[in-house]
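The structure under discussion is supplied below as structure tokens; questions concerning it will follow.
We call the chains A, B and C, going by the order they appear; numbering starts again at 1 in every chain.
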Amino acid sequence: MLTLTSDFGSPYPAAMKGVVLRRTDARLVDIAHDLPRQDVRAAAFWCRETLPYFPPAVHLVVVDPGVGTDRDAVVVRVGGHAIVAPDNGVALPAARRIAAEADIAVECFRYEYADPASSTFHGRDVFAPAAAAVHEVGVDAVESLDAIAPLESVAPDDAAGAVVDCRFPEAEVTAGAASGEVLVVDDFGNAITNVPGSFLDGREGGTLSVNGTEAAVVRAFADVDAGERLVTVGSHGFVECDVNRGRGADAFGLAPGDEVRLTEA
Amino acid sequence: MLTLTSDFGSPYPAAMKGVVLRRTDARLVDIAHDLPRQDVRAAAFWCRETLPYFPPAVHLVVVDPGVGTDRDAVVVRVGGHAIVAPDNGVALPAARRIAAEADIAVECFRYEYADPASSTFHGRDVFAPAAAAVHEVGVDAVESLDAIAPLESVAPDDAAGAVVDCRFPEAEVTAGAASGEVLVVDDFGNAITNVPGSFLDGREGGTLSVNGTEAAVVRAFADVDAGERLVTVGSHGFVECDVNRGRGADAFGLAPGDEVRLTEA
Amino acid sequence: MLTLTSDFGSPYPAAMKGVVLRRTDARLVDIAHDLPRQDVRAAAFWCRETLPYFPPAVHLVVVDPGVGTDRDAVVVRVGGHAIVAPDNGVALPAARRIAAEADIAVECFRYEYADPASSTFHGRDVFAPAAAAVHEVGVDAVESLDAIAPLESVAPDDAAGAVVDCRFPEAEVTAGAASGEVLVVDDFGNAITNVPGSFLDGREGGTLSVNGTEAAVVRAFADVDAGERLVTVGSHGFVECDVNRGRGADAFGLAPGDEVRLTEA
């Protein structure tokens, strides 16, 4: 199985699929190709929220604002999963999530690649062939891939040779308030913060202030009328600022990166 | 085979796919994930217009404005097809279409589910595991699924214990006029009404008034100039109000639910 | 393997997939379904830039402004590939590219089809069944498909019985200037011209004027600051007018079909 994630829109992902399918008959599964453009943090977030649900697979992830520069390429292996991506941090949060759930280690392999056909589409010319090669040789045998390029094992926490990481900021939570930020706005317009869902424990049925705007704390969208603001624990385990049948980000005036302060109303 | 339909946009459907693929190696086919948000009637329409074209399959359909409330979950079985969906009517029109084409019966199974991980993403936590389980046990053996939850067979027309249904309004058609409404506006901007296509029999080459706006009655879009309004029988068998290379809904000022009166011009 | 390309948006492609999957268990791969509406030249361009990357396959391509008129249907065979499409030229550029890379010939088969169920959705009622039939009989045996319809082999260059072709205009290039046009604007907003990338040979690090607007000639997007204009060789081998992390078409004021004149600044 080989999953594909990018910010390429359409139809560039198809070229990647063709390249992959010339080299392997892996089952292909699209994760998303409309991730926010060149936004490594958002892509890392969505990979963390989707890839761990999959059975062991090779995951091709290309959100790559540094395409054509001298940034490296990495294979991040965790259990039976291998994430093939640019060395910009996009792979690490998903890998750490998988590692934590199975209590296993994350291994990073940085590799060089021959000068590709294009300097603007490494998804097609660098990462797709690499992902196909990993799928063909098997995730357990990534080390044997010197046919592609010299692979170097790099500890993710090795300061000297470390691969690039992406860490989400942590919210500050006290008994009565939480300060965090919006990590992403999803397709529904829900503003997903980094405040742990546990902050809402015992508050269901009450009201919270979000940067001064009051909203009901509920379990289900339909617990408030259509068009009404609400605060709930989203499917990622974080506090979300939403609107039933509407766009929470608009109603609360929130965008990715914005500060969010939740206080008792 | 397992098809997926939702209003989730991207990348939430990927989490559903991961959940399914951990439990079964069914071939996955996306129907659509950009259906109008929380619009059960539109989803029911599009399921009716797509699912019957498939060979026997499990169909996971999640357009679910009541997510997290106490609405039930259903498996609707018709021939070798099983539609796994919230109990909000979204599955019934497609099932009735399949039943009518093969002259077979529709069976509904309502089931309870354990409290899921999230109250906002039952697609991932309730319906995807259920669809995978139905695929694994086989559509013919849905009754044996008490491992998941107690299944209760409910006749769709049993007023007492009936599952929720969704019925499209019927147009009123006389010899010289038809009164109906817009069921959906498709991606091309075509305003698809509930007026049967047979209303246009013998009118090709003529003109009709749509709420007072005249339009040619034609067989093909290209029968009028680019930008010109037209009325034709769409691929669903209903009268559509379209524009060649344009958006009929805009040109006629029509939105889903709007009344449409077709009269001789 | 059977790929699908259209301008149908969603969810009409699903009906085509159902029709195909009732007739064959071919692996399905989506190329794109959001191509510019009714734009045969753009579709021909994107088919040329994606289909040749695939292993031998049947390619169902339906961008079809003449749907319901008397335009013909074609199967274009090149090596192990067969493109099933309306006879409007959409298939030829991809076929020629595949032929050129493998030094093989392009063969065209025009066929008639029985009057289909709808006059507006030949993707579902004409081309999907034809593509499935080609897949089932095998690309090498297209001639045997008189079960579907009488097939007629037509040389693409035979003026008398020629199938419809689509040829991209060629740019005029001199030592110091190039005059061409924008072929397409991609999802990133990059304005892709027909000026061969070789025009930028030796100019990297310099500046060019695009219709009077200056821009750096670079190798990678990130070679200029975010928001800055640039000119580079795109992944298709043509000169692109782009903006790092922005939309080049907007910044340069370019749309498909616009004239582009590149001169030394």
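Points worth noting:
Please note the rule applied: a residue touches a chain if its C-beta (ideal position, glycine included) is under 8 Å from a C-beta of that chain, and two chains touch if they have at least 3 such contacts.
Which protein is which chain? UniProt says A, B, C = SAM-dependent chlorinase/fluorinase.
Predicted, not measured: the structure shown is a model, and the values here were computed from it.
Interchain contacts join each chain to each other chain, per the touch definition above. Relative orientation of chain A with respect to chain B corresponds to a rotation of 120°, obtained by superposing CA atoms and rounded to a multiple of 5. Look at the contact of chain A with chain C and you find different residues on each copy: under half of the numbers used there are shared.
Note on chain placement: the centre of chain A and the centre of chain C lie 31 Å apart, centres being C-alpha means. Shown for chain A are the residues in touch with two or more other chains, of which there are none.
Against chain C, in their complex, chain A makes its touches with residues 8-12, 14-15, 17-19, 21-22, 28, 37-38, 65-69, 117-121, 124-125.
Across the complex, chain C meets chain A through its residues 1, 3, 5, 29-35, 46, 49-55, 186-188, 219-223, 232-235, 240, 245.
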